[in-house]
Amino acid sequence: MKGFFYPRTATGEASLIPSPPWYYSGDLLTVEYRTDPARVADLLPAPLSLAPDDPGAVALIWADWQSCSSGREELLDPVRSQYKEAFVVVRCAYRGEVFSRCVYIWVDKDFAVARGIHQGYPKKLGSMWQTRPHPFGQAAPQIGPGGTFGATLAAGDRRLAEAVLTLREPCDGNGFVNAHPMAHHRVLPGIGRGAPDAFAELISSGAAGFEGGPAWRGDADLRLHESPTEELARLTVDEVIGGYYRQVGVVWNGGSTLERLA
Amino acid sequence: MKGFFYPRTATGEASLIPSPPWYYSGDLLTVEYRTDPARVADLLPAPLSLAPDDPGAVALIWADWQSCSSGREELLDPVRSQYKEAFVVVRCAYRGEVFSRCVYIWVDKDFAVARGIHQGYPKKLGSMWQTRPHPFGQAAPQIGPGGTFGATLAAGDRRLAEAVLTLREPCDGNGFVNAHPMAHHRVLPGIGRGAPDAFAELISSGAAGFEGGPAWRGDADLRLHESPTEELARLTVDEVIGGYYRQVGVVWNGGSTLERLA
Amino acid sequence: MKGFFYPRTATGEASLIPSPPWYYSGDLLTVEYRTDPARVADLLPAPLSLAPDDPGAVALIWADWQSCSSGREELLDPVRSQYKEAFVVVRCAYRGEVFSRCVYIWVDKDFAVARGIHQGYPKKLGSMWQTRPHPFGQAAPQIGPGGTFGATLAAGDRRLAEAVLTLREPCDGNGFVNAHPMAHHRVLPGIGRGAPDAFAELISSGAAGFEGGPAWRGDADLRLHESPTEELARLTVDEVIGGYYRQVGVVWNGGSTLERLA
Amino acid sequence: MKGFFYPRTATGEASLIPSPPWYYSGDLLTVEYRTDPARVADLLPAPLSLAPDDPGAVALIWADWQSCSSGREELLDPVRSQYKEAFVVVRCAYRGEVFSRCVYIWVDKDFAVARGIHQGYPKKLGSMWQTRPHPFGQAAPQIGPGGTFGATLAAGDRRLAEAVLTLREPCDGNGFVNAHPMAHHRVLPGIGRGAPDAFAELISSGAAGFEGGPAWRGDADLRLHESPTEELARLTVDEVIGGYYRQVGVVWNGGSTLERLA
C-alpha cells in the first residue's frame, strides 16, 4: 500500500499529502509581545519548561503561503497550493536548550491540517487575512517605510485577533521567538474508552532550507478576543515588543524524535 | 495538561474535540453498488483481505449531521455542531470475521476531521449537499413513496460524485455494506526523513448506541467523476444494488485495538 | 435575449435566477423585541413613517431554506437549492396602512442575493447557523416543550448576533412584526459620478402561497455585537417580546409598485 | 437617508459599498482565443452587434485583487479588501464604435457583487485560484521567461475552466479584447408577474486611472467544462491567440449612459 498519509491505496495517488520535502514561498507578518510567563507555562507539558530569558515572550504570526511538493504540480492547480495561516509561538527549554513551540495554529486547507498532524502543529481551521503588498499602490502598501498592513484571525464565526503593523525601518530578522528549532508533541489518544495515549513523542524540526528577503520592523497594535473554544485571549498583550514583515522561501524535510513519551 | 486532542493546555478548553462519547442525529442517503473486487482489494492493506461474499460491494453514503459531546453546548452554537459528509465503505475479512471499512471520506468541519483521525477515518475536506425532507413540499420531498433526493460531493473545486434516489418502499435496513463493525488503520508516519511509520494499529469500533427510523429503499442513479487527487472513480459503478434513506441517532464511545502494526 | 436576471443570453440558461414563482420549504426561528423607535425611524426613508402601534418592535429571524423554481431541478442539485439567512424586520406606515420591512439581511448563496435585488431585500453575504430539530434526540432538540435552539449570525469574520430559544407552548403564529405585506425600496444608483439614483421605487410584495405548521412560543435570549460595517447593534434589545419556531412552505410570485420615486 | 448602495440608513455606515471612486491593485492572467462569432452574437442584445474585426475573439481573465474606497480603511481589515474573480470579455459594436463587454463573471465577495450590479457586470459567486508570483521560488514562479502560472474557475461545486500559462517574452499589453471602454446593460426586472423590465439602460465605463507593469506574453492552454447552469463552454476554444500576465493599479469612478432602454 502506498501513500505518505491517509488514505493509503495501491497507487498512493489519493494521499492527502505527498512525502516531504515540502516547499513554501510566502509572506510573514509577525507581532511579538510579552504576556504573563505563567500563561506560557500553562502550555508547556513535561518535559518542557519555561525558557530562561524573557519567558513570557510570544509571537503571533500570520503567513500567506504558496506551497508544493517536489513534483510542483500543485502550483498549476493553486487551490491545492495556496493557504493562509495564523499561529502562536512561544519558547521553551528542554535539556538545557531553547526551542520554539507552536501552541495554537489555524489554517484554511486540509492539506495544511494534515502536514500539521505530521509535524506536531495543533492545527484547527480558521479564516485568516493579511494585507498584501503590491507594486501599484492604488489599493496596497509597499514593503518599506510607512507601509501599513492589517491582519485578522477568526474561527467558529468569531474574530479572535487583529493586528495593524506600520513599517519603519529594515532590521536584522523578523523576531526572536520563532527563531529556534521547534519542539512539538505528536500525540494520538488511545482508541479505548478512557485509554491513555496510544502514542506520544516529543519531536524537533526546523527548516531544511531557507531564504529570506530584507526584514522590516515597525509599530504594531494587537487585539485578542474571547471565544468559548479558544484560549488565545489568555495570552494577554502586556507589552508589544515589535512588529515585523518578511518574505521568505522555506523547505521542510522531516525532523527527529527528542523523546518517546508513550 | 488537559485536553482529549490537541492543543493540550492547563484547562483543556481549547481542545479541538472533547472526550467521547460523541452524539449524532442525522439523515443518511446510501447508494450501494458492485465494482471490480480487485479495486476493493487495492484498498485493503494487510492483514485485511476481501470479504468472502459479494467482495465488490461498495456503499457511498451521504450524511447530514448534527453532533455534540456530553455537555451538549455545541447544540446552542451550531457552527460547532452541524456538518456534512460523504464516505465510501467496503467490506473486508480479518481473522475469519467480516468488517466494514471506510476507505474514503470527506467532511466540512475541522472537529469532524479530528474525530476521524482518532477513529481511523481518512478524512479530507469536501463540499457535500443532500436534499432535505421537510413537512411542507413546496421545495422538498417527503420520506415516502416517490420522494426524490439528490446528493453531490466535490473537493478541490471539482465535482466527484452525484446521486439521485427515488424512494419506493419501506425496507428492513439501509444496506448491508456499512452494517459491520469498522476495521480501520490508525497511522502516524515517522518524523525522520524516509522513516517508517512511528505508529500503526488496526482498530475496530462501532456505535455504542443506535436508534433508527424506518428505512426506505428506492431506485438510485450514481455518477463518479475523475480528479487528479482522488481515486474514487476507480471504484466504477458496475451494477447498482440499491438506494436507501434513513434518519438515525448514534452514540460513539471508543473502540478497541485489533492488532498493533508498528 | 432570454433570462429573467443577468446574464441574458440567446438561451437564458445561464441566468442567475429563473422567473418566479419561487418555492420555499424551511424552518423559521424568530426573536421579537423592542428597541428605541427613533432607531427604527432611522431606517424608514420617505414616504414611509413609523407604525402607529408599538413602533419600536423588531423581529430578528433566522431561516434554513430549501428553495426551487417551477421546474424543481434545483432540488436534485441541492447546492443550488439550500441556503440560510438571517434578517431584521420592522414595521412602518404608508398611506395609512401598516407594512413590514426588511431593513438588514444576510444570506449565503448568490441566487438568494439576486432574488433579494429583485424583491428589494438589502442582502449581504453572511454565515448563519441555527439548531435543527430531528426525530432522534442524540444531538438535536424536538419542536415541543423544552426544545432548545441556538442561532448565530456572522459577517466579515465577526459575530453579529446570537440567540437561544427554549420552546414552551404552542401559539397562534410566529410573531406580529413580519406579518404584513413587505414595503421595500428597489434602487439603482446612477452610473455617472455623483449622479442621483437612476431608478427608485417603493414596492410591496407578500407570499402568493403559504402553509405553516404549528407555531411554538418560548423564552428567548438575544445578543447583538458591534461591527464597523454594520448597524444592527444600534437596534438595542431593550425588551424581548418573545421567541418563536415554525416550519413553513411559501410561494413567492411577484409584487406591485406602490410608488415610483426616481 | 445615506448610503451609496443598500441598505440605506440615517448614517450610511452599513451600505454594502461606499461611493466611488474605487481603487484596485492586482494581478491579471489573461487567455485570449477565437470562438465561433455566432456564439458571441448570442451574447449581444440590441442595440449591440458583432465587432467588425475578429468578431469571435474572447478573453478569459483571472484577477487577484486588493481593493478599497477613498478612506482606505478596508486595507486594514483585508477580508473587506481582497477578492478574486474570473471574467469573460468579448468585443461589440455600437454606433460605429468598438466596445469591450463582460458577458460572464464570477467573484468571491459580496462587495464585489454589489459593485458589479452598479457597473453592469453580471456577477455570480465562484471559486477562483491563480498561481501567485513571489520573490522566492521554492513554491512560486517569477514574472519572467519560463514562469508558469495556473488558473482555475469553479461555481456550484463544478470546475468550469482551467488554464496554464508559461511566459515567454515581454510585450506591449495584455491583450486587445478587454482594451476598449465597456458597454454593459444595467437591468432591473419589473416587480409584477410577467412584467417587462422596470429599468434598463446601456452604459459605458472605463478606468479613471491606470498604471501597469510590464506585460508578458506566453503559451497558454485553456479548457472549459460544462455545467447545467452556465453557458461558458459554448464559447469553445477554437484557436488560442495568446496568454498574458500583468500587474496593474486601477481607479474606477463612474461611467455614462449610452442609451436608456426601458
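A few comments on the model shown:
So that you can tell them apart, the chains are marked A, B, C and D in the order they are listed, and the count of residues begins at 1 in each.
Criterion: contacts are C-beta pairs under 8 Å (C-beta built on N, C-alpha and C of every residue); 3 or more make two chains touch, one makes a residue touch a chain.
What you see is a predicted model, and the numbers here were worked out from it, not measured in a lab.
Path length between chain B and chain D in the touching-chain graph (shortest route): 1. In terms of C-beta pairs in contact, B-C outnumbers the other of A-C and B-C.
Chain geometry summary: the mean Cα position of chain C and that of chain D are 30 Å apart. Between the Cα centres of chain A and chain C there is a gap of 40 Å. With centres taken as mean Cα positions, chain C sits 35 Å from chain B. Shown for chain B are the residues in touch with two or more other chains, namely 77, 79, 127, 129, 152, 157. Across the complex, chain D is touched by residues 23-26, 65-68, 72, 75-79, 81-82, 127, 129-132, 134-141, 148-152, 162, 164, 209, 211, 213, 247-251 of chain A. Residues of chain A touching chain C in their complex: 127, 129, 152, 154, 157-159. Those residues of chain C that touch chain D in the complex are listed here as 1, 4-11, 13-14, 16, 20, 42-43, 45, 73, 77, 79-80, 103-104, 109-110, 113, 117-120, 122, 124-125, 156-157, 185-189, 191-195, 198-199, 201, 203, 205, 228-232, 253-257.
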